[in-house]
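Please go over the structures that come below.
In the two complexes that follow, subunit A is the common piece, with subunit B as its partner first and subunit C second.
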Partner chain A sequence: MYKAVIGLEFHCEMKSHTKVFSNAINGFSKLSNQLVAPLDMGFPGTLPVVNKTCVKKAIEMAMILNCKIPEYMEFDRKNYFYPDLPKGYQLTQFFNPVGVDGKVVIEVNGKEKEVLIHDIHLEEDSASLDHYYDTSNIDYNRSGVPLLELVTEPCLNSADEAIEFLEYIKRIYEYTDISDCDTKKGQIRADVNVSIMDNDSKELGTKVEVKNVNSFDSIRKTIEYEIERQSKLKSEGRYDEVVQETRRFDDETGTTIHMRSKADAIDYKYFTDPNIPKYKITNELLEEIKKNIPMLAHERKNKYISEYNLSEYDAKVLVKNKKVSDYFEECVRLGADAKSACNWITTKVLAEVNKSDEITIDDVFIRPSMIAELIKLIADKKITNNQGKEVFTKMLEEHLTPVEIVKKYNMEILEDDNLVNSLVDEVLSENEKAIEDYKNGRTNMLDYLVGQVMKKSRGKANPVDAKNKLLEKIK
Partner chain B sequence: MSNFTEEMIDNYADKLLIGLTEEERKMIQTEFDDIEKDMELINDIPNIKDVEVLSYPFEMEVSELRSDDNEGKEIPIDELLRNASRVEGREVEVPKVVG
Partner chain C sequence: MIGKSILELHDELKNGKVTSNELVNESLKACHEIQDKTNSFVTIIDDAKGSEVTDDLLSGIPYGIKDIFSTKDILSTGSSNTLNNYVPFFDATCVANLKKHGAVGVAKTVLDELGMGGTGTTGHTGIVHNPWNLERQTAGSSAGSAASVACGVYPYALGSDTGDSIRKPAAYCGIVGYKPTYGMISRFGMFQFASSLDTVGVLTRNVEDAAIAVDGMKGLDENDMTTWDSSSINLFKSLNKDVKGKKLFYIENVCDINNYSNPSEELKEHLNNFKETIKRCEELGISVSKVNIDSKLLNALYSTYVVISCAEATSNMANLTGISFGPGGEGKSPDEMIKDHRTKGFSPLIKRRFVIGSYVLQRENQEKFFLNAKRVRRLIVNKMNELFKEYDAMIAPVGTGPAKYIDDNKNVHDKETRVLEELLQIGNFGGYPSITIPNGFVNNLPVGVNITGKVKDDVSVLNIAYALESTMNYKNQLAREEN
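After this line comes the complex of A and B, so read on.
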């Protein structure tokens, strides 16, 4: 009914050995306040020293997003007072972000969509707070963890477009190893800006910001809820009730709730941090970073289609998750036929992964070497396709390799020609009626006879071979 | 006579999400007056509006950053919590900050 206009601010925790401005470890600890350097607590006399790996990864991301990259890396102070921020300011990039004016093209429901990037900047995370009845507790492990914040222009028009864009960005982070984007560890958060306008209007509507939405599912629900809420008010002639405000998403009700109005907006009084000297981004550094950008998801997809003749659909399924794509590539590297590997992964292996939200393909017992081994057993006609499926199931149940399963259950196809011939003779002598029926036109009796040979061989005869032998002898 | 009223100082405190005692308010008012005097001194400098904002005391840039390979020593927990007036287990405890 109305046109929705959406802009996103997407925060993502980066992977690095140490934090962005201190040399405390950037990691996950079950023990509170374990990974903390004096700077992360804002102790007097401490100074920030910028982590080179974080800077390089930030520049890499800016390059991938086709952003303009500044001559210098500089940081600014965002001043606000809150217990999760011991210094009283957050180190971020306000005046001169690492990337501005970028652009990417994504595919949404089969159509191309251009997404404009306002900027991407490197900053530090705050400490984390746990809230109790009348107290809040502070854990500084997260204080100083490197964050990349990506800000789009208000150029998205539906929840589908927003989620597709975020999936695209998440894949880049994963493929470049910039971040794991693990929602369970709270590594991603988004601020979602939503407004609506008449379809033929050129004037943007009143913008509502929803802060700190921490999963893709919640982002989708936030957008859909806000579009519906604002559209309803507009349809009822109450659009003046849509005010410029900050809201939060409530998981339990699936709605958004007022937090503060524009009048209460905090003035962060940004200024350039004088404690961090500016760092020259040289052409040599840019070249080095560019040279080392790995093959991204859409590039791998194109390779799978052109080099391995996979369908677009299968290629998309494989590259959707880097771990799955890596698993597939490892199978191929170990000599597996690409199409067979793709079939086993997309049908059987991913079925296992999809049984639980708690596991990834790395948790499945069956490794790429085993898939390659299984494919080889079938290709070498040691086992049939059907036996292959049985082997797969038993591998999962018994944690054995394909060769071990085949050996344990004596599944190898009979290669002894004399033995198969004698089994065929036995079946023919015991089934004169079936042979007669076959000769009288009941062609399905041949399948019955093949089945009898398979039964006598306990499934170990090659059914094609058995069929040929039967045909030869019936003539 | 101060240019800063009680209401103004309370408003600033609200924006910083802090509450002030009467004694603290008076102390801040005195400090603000001193700061304002210094600002007036600076404002008296001729053509001050034409001077560009200076982020660093002198022109400087670095060509090397910190290597990510070497981690430093973390603060022992008793040191980390030493300045906190209230502690719960390994964490710093503050009055509840969300409704």
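After this line comes the complex of A and C, so read on.
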């Protein structure tokens, strides 16, 4: 076995009202060429105007990644000809990225792992090409969409580490509202660099780049495939067949395929864009951005453990997805007991969400206010725990609130002591044999008797109350 | 209207002596009349209509637009075959601003292809001829604008200036050419040549008109991040001939005939005439000093300009692929189509500049050429800024004499005169306000003098030119075919 060395270039489309250099809407459209300003098609005389929100978000991300932030914001041109690049260059940050030399610590399979960030920079996306049998269409909707590209040092050593890191970054993007990271809308893409080396070696092996891998699942497969491919060649004494090249991941076969070799590498002739005056990043701006960084996943997790006494496991489940975490916090804000809310969410609500890939927690009919209401009904002993579960199911089926369900099915717990007492008496008189058995040591008969009381009350008696009353009378 | 100034035409419009429609029609007719001889126009906008006359000085008055500016629904070619069918769907900001003032564009004027040239001979519709002598160049790139204004078909025409593209043709055509401070007028909608040097400006026959026209175009523009707020400056209202006490300098290295080993008769006359102009300045109470600048720095001017402008141009013009606009190329793949479009569309001069631009930006060359050129630019600007601490402006002869013959090859200047020939590029390096006015004749052809001043101090530059203009007889002069 060899040691794998992996570096990632992770591109992520940002959320913003308009594109990064034009005033066209940054959104998703099923129709081609709907969201386009003249600049996005490179019309003569059009000029870039920097989107300040994107700049602030990029600085925020650089801060979160513990990067050094430059004194000035500048953009550079990456020059090459391609049909999807209308200006003939991409505006990016080559010489002075918004963040450099960052570092984050993540947890991989229970162990801490330090990941070094080479840089993070703000740039524009290209148009997209749709290829048909004998023609290709250019869709400029994507042209000029803001992208953040995060480049790690070659410091990851397994697919697990790579994916865990990307999940960590994705959570930050979600928690800061920088990106939805929606794979289905093509919002994330990664270039994956993989090499292998002998375990005791200090010299890096030959680096192979796999471009434009567009889901976490494919990234994992890419890494695993490349490690296997390179290791096989190395162990067979054919390591010279591993060459510095660019490959692509093929979804159908799960393998990588040669695209171009190092010799074909393009000289992008980077130079600083003269249309965008360099912009001073002041301390005031940095302070303002810092102040507004929201609480991130790992911080929320710690809070849930220390303030709400949730288990590490539950806290992790809740913060894994920001929408779930927000849902949980909304329940708590509405007065629900944190532990109960956590239980309802992690068992029942998430079970609903997990039924389909197409939905998120926001699509589930039951809102945090209803969970809070349900918890309150149980806490106030208006309904039993078991009834609660029934209410939950009925809410989903009938799209009613807990109070409405309880009312509709007349489920409220009997608080009339006399009535409960008379039901207990009734059960005792009808079940002499059972009482006998109980006294002879079959303690589980008590549960049977409680069940009979519940049945007679049509589930509305408080089972704890019924049990106490039964015990009292059997003595 | 032939030969009349904006102020004169405004008076006539206000007094009802003439209507805007009459002016526009007269201007269109005059455009057609000079087209055969000068070839000034890519498009004469025959369906242009007069506009409402208001108290705005520009209202109702026709003007010309260099074909490097986008004009909504009107062909805008940049004088290039790569854009020979391009009709923009938006106006350049400067054109839109003039429209708001009621100005009426009547013609799109020929330029050196995409602004890259200084002869007026490389536009896709052919050579522009100097109305003073049809065998001579107008210089460029604002060639058609200079020729048509010199013929008096309208009081002003838009130009753009990356090296001296307004100020050199103005001199060759005996008119005024004003390049304001960089960023005073938005570049939005002007086809980019070299973004860090490109400046929108105007060609007129007197300094007042230049001030009025730029007042009508300037201002902060949300579409151009390099614009700045000049709302507190009104150039026309600030015009003042009292320039007593102003301080000028000239660069002795290149302005003194004794520094040339084998000067032509034209250069001798030109520099002699420049001396006369300096005397006029002194009579106005302006002090004029001579300074010497390290000749190493001066000799680096031209190559610095070539490297920076070609590098920016090769990238700026990479959008001309023929894919979403322009005539487009043939081919089986997008690469082939782009290649065909550009191979057929660009003239050899442009291609050569693209090769230079690509070469100096290449990874292995960038440090030596492009980055060093940027450093030299900084050194030149630092030197100028140092001088501007002491002086209000620089005065300089424009070029090395009058208009060259059309078949003269600009690229083989003799080394000795090259610095003087390219001196005005300093104005673009620093983004300085710079104006050329006519200051006499050499060989019966007009020559010009230039005033270049501090960034954002356009008022001083214009006032010096305004005062100097009043001491000479060339204000409002029209081209006369003498030979």
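In this text, the second predicted complex is superposed on the first by the 475 of 475 C-alpha atoms of A that agree within 3 Å, B and C clash if a C-alpha of one lies under 4 Å from a C-alpha of the other, contacts with A are read in each partner's own complex, and residues count from 1 in each chain.
As a convention for this text, a contact is a pair of C-beta atoms (placed from the backbone, for glycine too) under 8 Å apart; a residue touches a chain by one contact, two chains touch by 3 or more.
Since the model is a prediction, treat every value here as computed from it, not as a measurement.
When both complexes are superposed on subunit A, subunit B and subunit C end up clashing with one another.
In the superposition on chain A, A:Tyr2 makes contact with neither subunit B nor subunit C. In the superposition on chain A, contact of A:Ala37 is made with subunit B only, not with subunit C.
After superposition on the shared chain, subunit A has more residues touched by B, the comparison being subunit B against subunit C. In the superposition on chain A, contact is made by A:Arg77 with subunit C only, not with subunit B.
When both complexes are overlaid on chain A, the residue A:Pro277 reaches subunit B and subunit C alike.
In the superposed pair of complexes, A:Ser16 makes contact with subunit B only, with no contact to subunit C. When the two complexes are overlaid on their common chain A, residue A:Tyr89 makes contact with subunit C while staying clear of subunit B. Once chain A of one complex is fitted onto chain A of the other, the partner contacts of A:Tyr132 are limited to subunit B, with no touch recorded for subunit C. By the touch criterion defined above, A:Ile25 lies against subunit B but remains apart from subunit C after alignment on the C-alpha atoms of chain A. Shared-chain residue A:Gly45: touches subunit C; no touch with subunit B. Across the options 182-190, 344-352, 398-406 or 416-424, subunit C meets subunit B in a clash only at 344-352, per the superposition defined above. Looking at subunit A, you'll find residues 38, 41, 49-50, 81-83, 136, 138, 267, 271, 273-274, 277 touch subunit B in one structure and subunit C in the other.
Across the complex, subunit C meets subunit A through its residues 69-70, 76, 78, 83, 86, 88-90, 92, 187-192, 194-196, 222-226, 311-312, 314-315, 317-321, 323-325, 334-335, 338, 358, 361-363, 366, 370.
Those residues of subunit A that touch subunit B in the complex are listed here as 16-18, 22-25, 31-38, 41, 49-55, 72, 74, 81-83, 129-140, 266-267, 271-274, 277-280, 282. The residues of subunit A lying in touch with subunit C in their complex are 38, 41-50, 77, 79, 81-83, 86-89, 136, 138, 267, 269, 271, 273-277. Considering their complex, residues 15-18, 53, 55-57, 60-75, 77, 80-81, 86, 88-98 of subunit B touch subunit A.
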